[in-house]
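In what comes next, subunit A is part of two complexes: it sits with subunit B in the first one and with subunit C in the second one.
Right after this comes the complex of A and B.
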């Protein structure tokens, strides 16, 4: 609200983020060839989580938004994590 | 207000004429009317299907239809009532009309998106209706589309789920619009805690619409993919897990029941202080309990799955969470009653509807606790006890709140007043008919009458007959109510700007309001329910 002028992110920063994202995609693919049993999915989800964090912060400019918006988006992710965890109370004890 | 110059939004002459002036209008008030007429029509269709089921059930065995027809009818009844009537109902009609006015804004944040949501809604509804008439026959899965049956039945499941998918998008966009509106368009000087409580409940609801609806969208797409391409998500024959479908479905559909009831609570919270001429009791508690319901409501979906083979640990955990969500609902009930205490109560029809709401909602909520505890739920799951529980909440709650809101805001929306005697008659007929229709279902539910069955043992017949009689009385009440309101809209007496001496912003405007709502900046009060 306070910050109405569009924020311009340096292309170099964006390029670096892009590189990191590509690297993480590579990790996601490679992880499937190592046998980690149930942890494969956990790690794949973690990597995907980091990637969405980067996309949201840099490409979608959340990093430069006001605090309220950051809190709201964080809450959504927290809620999502809680829902997944609760679902696994069923699947891990069956 | 200078009424010689006042042009209401109903008379306002825009770019288009005739019907186009409505279906191309981006005015939030006109869009509210569009939703209202569509929803009223769907509601009547759904109600007639309900009556048909009641006549089928008046005696054991086949009476007026074949078993497969019965399966189709209860499914269609559920799809229409849930996805096309009660989920959009209050937010799309009264939310659209009154959210901007109550927070002192000229419109919602994205008026065109708002109109687009209505088109999506109509398109989805048309598909849902079409699924009834296709050669493959109406879907017969129940509104819950449980897998694996829904992945194998030959009926039009794909069209029906596509319809629900599109209706979901309409709901998401409305939610998004309302969130942004509340954040950005409050009148100067109106902080969050100066907002009236109906906007608060709409705000909490909007978050649920935005976050929960995509889950059901994806679930229904998975179901379609499974049917079309044989991907094994849910069908155990293909290596899938049918309980996964139930998880995904209820992760949306339990929060969805709060999409229905939260705005209803908001409407009641507007009505009670007005007809008691008293400040609402516990403003902050009511506002925050809306958010609490929205939040905790996300975490209790498993209570629909106690008998579906979920792990022991998950069952007691969901039971615990379910009991927690009842607390904020109870807070609201106590606050309404405390608001009435020592108020100067005026028994107008809208207030009577609100009282009926509280009574019926409490029966629904308390039976919800019986269902929330695993041991008792296993006894009554999938019996008519469930049917009674959710009709008490949804029809007795959301439905009666809609009627209450309609009688409360009617003079503001149409600028005309209805006949009180006839309105009182309809409250009584609806209330008596409703209880006669659904209460017996609790009793035979405990005795083992299964839900969604076309036939039953003769020992349940006494209750089925009572229910059918109740259904007819209820329907008569509905017809009288609709007749009364239609007549008033056409030729009722002119209504004053503030017939009930209300204190919130809509009553500062002429009835009906002008196209821009506020010709001068509204005066924002510290507490919106200040009657001094």
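Right after this comes the complex of A and C.
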């Protein structure tokens, strides 16, 4: 659209995001090496979720896109979570 | 129509980006389906999946994670560079991204090579001897990382086309949606690996 001036992401912002992503990768490796039983999966998926949020927002410029796109992307992830939940409910009650 | 008409370039960058995103949604759901299969079988064969993941080399996996994260940043920086009319830097950054993609594939080659060397590959005699849980784990491992590696190769082809287009100036500071879409595809590859790495290599 012509009404929004193109946003230029600063090199420094991208570099900082990379550092955070590297740090979170390190955190995942460290945390999964200690035995936290059922929490390991939860924490690993939570960290992966934060990492993908950062990639989507900054690297994929979603933060600076219009609302339509933001809603669409969110809906895809919501749809996937619903599919997973329904499948697991199905499996645990048969 | 009238004889005289001035040529006005018709383009809608917003629409082409939306189109790319719609394609990315289909890709996310394709891998989403595979992650769903993984989670179901993981919940049914927890010990086999645990033992299976211990067979994987975490160091190579972690290294490849770093490689993909850095390449994701360099291609994002390439967009900043083209917006700042810095053609040379754009080319360098796309070049670095391509090099890192190649490094990823080389690592994958050695990783898969070691598995093949031990007789572990889809359809091998060893695979047939494994119990159901292990068989499922390694089948999913080869299929998901294989499909991901295929996406890396497609991404590389896209980036090579982008590189050529930047070089001959059909991608410029005021017209770079092709670069943006190529970069989106590359980030998708990174995004999938963000989930693939902990699920395949770490959670055990």
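One rule holds in what follows: the second predicted complex is superposed on the first by the 84 of 94 C-alpha atoms of A that agree within 3 Å, B and C clash if a C-alpha of one lies under 4 Å from a C-alpha of the other, contacts with A are read in each partner's own complex, and residues count from 1 in each chain.
Everything that follows uses one rule, which is that a residue touches a chain if its C-beta (ideal position, glycine included) is under 8 Å from a C-beta of that chain, and two chains touch if they have at least 3 such contacts.
Bear in mind the structure is a predicted one, so any value in this text is a computation, not a measurement.
J.: Looking at the overlay, what does A:11 touch: subunit B (first), subunit C (second), both, or neither?
T.: After superposition on chain A, A:11 lies in contact with subunit C alone.
J.: Once chain A of both complexes is superposed, is A:93 in touch with subunit B (first), subunit C (second), both, or neither?
T.: In the superposition, A:93 contacts subunit B only.
J.: On subunit A, which partner touches more residues: subunit B or subunit C?
T.: Tallying touched residues of subunit A, the top partner is C.
J.: Let me test your reading of the model: by the given contact rule, A:67 touches which partner, first (subunit B), second (subunit C), both or neither?
T.: A:67 contacts neither subunit B nor subunit C.
J.: Touch test for A:83: subunit B only (first), subunit C only (second), both, or neither?
T.: In the superposition, A:83 touches subunit B and subunit C alike.
J.: For A:38, decide between first (touching subunit B), second (touching subunit C), both and neither.
T.: In the superposed model, A:38 contacts neither subunit B nor subunit C.
J.: Contacts for A:22 in the overlay, against subunit B (first) and subunit C (second): which applies, first, second, both or neither?
T.: Only subunit C is touched by A:22; subunit B is not.
J.: Taking the contacts subunit A makes with subunit B in one complex and with subunit C in the other, which residues are shared?
T.: Comparing the two interfaces on subunit A, one with subunit B and one with subunit C, the shared residues are 1, 76, 79, 83, 87, 91.
J.: Can you list the subunit B residues touching subunit A in their complex?
T.: It comes out as residues 184, 211, 243, 247, 251, 295, 298-299, 302, 309-314, 317-318.
J.: Once bound in the complex, which stretches of subunit C touch subunit A?
T.: Those in contact with subunit A are residues 14, 17-18, 21, 25, 28-29, 32, 36, 39-40, 43, 58, 62, 65-66, 69-70, 72-73, 75-77, 79-80, 83-84, 180, 183-184, 187, 190-191, 194-195, 197-199, 202-204.
J.: Inside the complex, what are the residues of subunit A that reach subunit B?
T.: So the residues of subunit A touching subunit B come out as 1, 76, 79, 82-83, 86-87, 89-94.
J.: Show me the residue ranges of subunit A that touch subunit C in the complex, using the header's touch definition.
T.: Residues 1, 6, 8-11, 14-15, 17-18, 21-22, 25, 28-29, 32-33, 40-41, 44-45, 47-48, 51-52, 55-56, 58-61, 65-66, 68-69, 72-73, 76, 79-80, 83-84, 87-88, 91 of subunit A touch subunit C in their complex.
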